[in-house]
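You will see chain A twice below: alongside chain B first, and alongside chain C after that.
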Partner chain A sequence: MQIIVTGTLLGGTYALIALGLTLQYGAARIMNLANGETLVAACFVSFWLFTATGVNPLLGMVVIAPMALVINWLIYAWLLRPLVRRAKNRGMLEVDSILATFGLLFLLQGLMLLGFGGAYFSYRFLAEPFLILGEPYGLNRVVAFVAAVIVASLLYLFLYHTRQGTAVRAVAVDPASARLVAIDVARTAAFAFALGGALTACGGTLLSTFYTFNASMGVIFTMKALIIVIMGGVGDVRGATLAALILGVTETAVASLIDPGLTLAANYALFVLVLLFRPQGILGRASA
Partner chain B sequence: MMSLRRDELAVAGSGIAAVGLLSLLPLFSDGFALSFGVNLMLYVAMCTAWALFSGPTRLVSLASAAFFGVGTYSVALGLDSLPFPVLIAIAALSSAALAGLVGAATLRLSGVYFVIFTLGLAELIRQVVAWSQSRFAHKMGLYVFTDFTERDLYWMLLALTTLVFGVGWLINRSRLGFALRIIGDDETVARHVGIATARAKIVLFMTSGAFIGVAGAIVAPRYAYIEPQAAFNPMISFLVVIMALLGGTRRLWGPLVGVIPFTIVMEFITARFPNHSSVVIGITFLAIVYLLPDGITGLIEGMRDRIRRRTAAGTGIEAPDAIEEKAA
Partner chain C sequence: MLEVSNLGVRYGRHMALQGVSLHVGKGEISVMLGANGAGKSSLLKAVAGIVPSEPGTEIRMNGRVISGLAAHLIVEHGIALVPEGRGVFGELTVEENLALGAFAKRARGSEQSTLRLVHELFPRLAERKRQQVRTMSGGEQQMVAIGRALMSMPDILMLDEPSLGLSPLLSKELFRSLKKIAASGFGILLVEQNARLSLKIADRGYLIENGAIAGEDTAHNLRHNPAVINAYLGGGGADQTPAVS
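Our next item is the complex of A and B:
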């Protein structure tokens, strides 16, 4: 029981990170391997806000999310749009974007290593027990989960109940047809990429409240987010949320029952199962 | 039997001459130059092997560190009981088996799954190895003591590199190589003309993985003490990709052109600015994507074609020559 609750609380934050990536890959068609770096950067900014100026991380999110939106929009406009223009087909764009975001990954990671060194950081925020079904859990984890649920619900409302959100979903399904119904595909893709970055940054801010982070851990989180996105089906918001919860629970179960050093192995086991049995995602339909 | 054309004979001849010259290096130096030579040869072998698969298929494999580590561990685990050549064979077979498993799980699906899977593969195997060592053997690393000197390792790596080039050349001439070029250009077309695309890719990935595993096995004695952190260092995968792409993967000798300058630069960076290596790697990746999409060899060939075309257009007389040259 304790494993399921802890895993679900963790899965909430994972869901936000993966939702960011699924928007970037599903709608903007950019396989962003530097996604984890956005997350780590958000961790550091909220760390700095909290320790230097005493700003509550939840309030900090209000600053961090728009900042990440703008920065990711600039990254798309300057770095990635030339690649989108150059690519003759989706496969070429995939290879190019993987290599370009790879470069970005190393560049950002290198800069953060220069700035903060390889040490681990953490800060104490709401580190007090909170009882669920008689068992104590960290209040910061519970608060992070609730915040993640709120942000994810806002995203859901946006995607399914507004015109702009519908445009994002249309571009995710078929960019060529989206143009026929007067959607500005280039702008929508840029917006989806930026929004994805903002979501990941929210995830990072929440993660930093209860997790010890360092400058070079981005890749591991990118990996987790990628596995979640594939499990949930590319571009599928509901699938990604479900997959994030499954991953959170599995990871917690393996860490507490077998060995904490085997969490990646647990992720891979899920990944292989999905690839073998449901490569279209747990909620996805087989493509024609 | 295959018949060799005159220019192929010339290339083969100069290749043999180059190998002969390179094999003399340890006789002149056994200090810094030799150790640098071992590094260079190691990456030439690994990058060329990487490009065997990733060049024609355009699937970026980040599994090199995993194969390298499997190779190193094959030697470290069996050194007390088996002779070294047998261990090399085991390294080749187990790396090929690993590549086969990865290929079977991912190469039937879209390319992105393959990239993602290989991205974490080395870290995954490192975790499993570290866990089983602490669980069953109660120690973190293994000792590798051999009589091999740096000179022996250099010669072995040179032999491996020559073998990789030979195999790569044979594959290019074979039906498999032709099939892979079609797959790389357009996978749908390849499937329509009756190529078993998944099988061709898996076979080639296994070949490439086996060579990288052997490279890991050969340099294992260099470490003396092997632990999972060092053997499965993900940086190996990234360096292999970056050097091969810098050189260009369209020609067999392309990666070679990338390895030499980049190894020199990295040697300089790690010595002078050890904290900046990530930034340098990042910038190089970006530079390759935006400035050198076909690598240095692609750039050189593009320039050569342009010059040839310009001279042909300028005089109008040399044009038939240029065409004849291409047809020859």
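Our next item is the complex of A and C:
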């Protein structure tokens, strides 16, 4: 039971990170391998805000998310839009964007290593016990989970109950038809990419409240997010959320029952199983 | 309303259309007849801004030049295309498809009244609001596609082979709906392989051959023109009135 609760609490934060990647890949068609760097940057900004100015990370998110939105918009406009323009088909864009964001990953990681070194950072925020069903859990983890649920619900409301959000989904399922209903596909894709970055940054902020981070861990989280996105089915918001919870619980179970060193191995074992048996995603339907 | 003059479309070295001129008025149905590969679809795509047109082309909508604009901006000028293969959002519900139809700024204000009009035309769409479109039959998906296009409040509705893949009965029903749509004031530019049915509802028709307009006349005259009967209506087929020219 403790494993399930701890895993679910962790899964909430994972879900936000993965929702960011799934928006970037599903709607903007960019497989952003530098997604984890946005997360790490958000960790450092919330660390700095908290330790230097005493700003509560939850409040910090209100600043960090819009910042990430703007920065990711700029990344899209400068680095990725030229690739989108010259790509003759989706496959070509996929290859180009993977290579470009792979490069970006090392550029950003290098800059952060330069700024913060390779040391591990953490800060104490709400590090007190909170009882769920008689068992104590870190209050920071519980708060992070609740905040993740709120942010994810807001995203869901936006995507499923507003005109602009529905337009983002339309671009995700069929960009060629989207322009026939007056949707500016190029702008919507840029916006989806930026919004994805903002979500990942929210995930990073929440993660930093209970997790020890360093400048070079971004790639691990990109891989986790990638596993979740593929498990959930590309572009599937509900699938990604479910997959994030499964990953959180699996990691926690492996770490507490077998060995904490095996969590990454467990990630990939799950990934391989999904690719073998449900390549279309856990909630996805088999393509005809 | 829609005036196309000297339209040219080129795919690489192949000229798909050359010097094409035509016009469609309010509440009027015009049909383009022509063999496969004659350039009918290219014509609609060029007007919708999906394929680029050659220099020298001028397309005007309500007096304003729209040639060279991006596809999503052309919708704002009052032109909606129902593409071949329908182009509906299969993963989305009927309701969402129709709501997206009204994404154009020109259509947002009147969304509710347009939706009522679409539901009157296709009551099935009101019943199936929450159904995912890809789970619907071909005929129903065609209704979604036309409904979605109407939701943008177009002055001109363009349809590319709407009866393709529909049974004869469903095709008849579809053409009856198109007649009603024109009667509510929308102009229609139709590309159809089913010349018989489309000439019955059309006001005017254009013949298109090898990328150029080969003839233009009222639908009534075309139906009784022996050359047209031979080429498009299956050699004097069902229309029993002898052709007098």
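Methods note: the second predicted complex is superposed on the first by the 288 of 288 C-alpha atoms of A that agree within 3 Å, B and C clash if a C-alpha of one lies under 4 Å from a C-alpha of the other, contacts with A are read in each partner's own complex, and residues count from 1 in each chain.
Note that in this section contacts are C-beta pairs under 8 Å (C-beta built on N, C-alpha and C of every residue); 3 or more make two chains touch, one makes a residue touch a chain.
If you're wondering where the values come from, they're calculated on a predicted model, not measured in any experiment.
Chemist: Could you figure out whether chain B or chain C reaches more residues of chain A?
Modeler: B
Chemist: Considering only touches as defined above, state whether A:A170 meets chain B (first), chain C (second), both or neither.
Modeler: A:A170 contacts chain C only, not chain B.
Chemist: Contacts for A:L180 in the overlay, against chain B (first) and chain C (second): which applies, first, second, both or neither?
Modeler: second
Chemist: Applying the touch criterion given at the start, work out whether A:A152 contacts chain B, chain C, both or neither, answering first, second, both or neither.
Modeler: neither
Chemist: Is A:L83 touching anything from chain B or chain C once the two structures are fitted on A? First, second, both or neither.
Modeler: After superposing on A, A:L83 lies in contact with chain B but is clear of chain C.
Chemist: May I ask you to decide whether A:I230 touches chain B, chain C, both, or neither, giving the answer as first, second, both or neither?
Modeler: It touches chain B, and chain C stays clear.
Chemist: Is A:A240 touching the first partner chain B, the second partner chain C, both, or neither of them?
Modeler: neither
Chemist: Can you list the chain A residues touching chain B in their complex?
Modeler: Per the touch definition, chain A meets chain B at residues 31, 33, 79, 82-83, 91, 94-96, 98-100, 102-111, 113-114, 219-220, 223, 226-227, 230, 259, 261-265, 267-268, 271-272, 275-276, 279.
Chemist: Can you tell me which positions in chain A touch chain C when the two form their complex?
Modeler: Of all residues in chain A, those touching chain C are 163, 166-167, 169-170, 173-174, 176-185.
Chemist: Inside the complex, what are the residues of chain B that reach chain A?
Modeler: Those in contact with chain A are residues 58, 60, 105-106, 109, 111-113, 115-117, 119-120, 123-124, 127-128, 130-131, 135, 234, 238, 245, 275-290, 293.
Chemist: Which residues, counting only chain C, touch chain A once they are in their complex?
Modeler: On the chain C side, the touching residues are 48, 50, 70-73, 75-76, 80-81, 83, 87-92, 96, 99-101, 103-105, 108, 148-149, 151-152.
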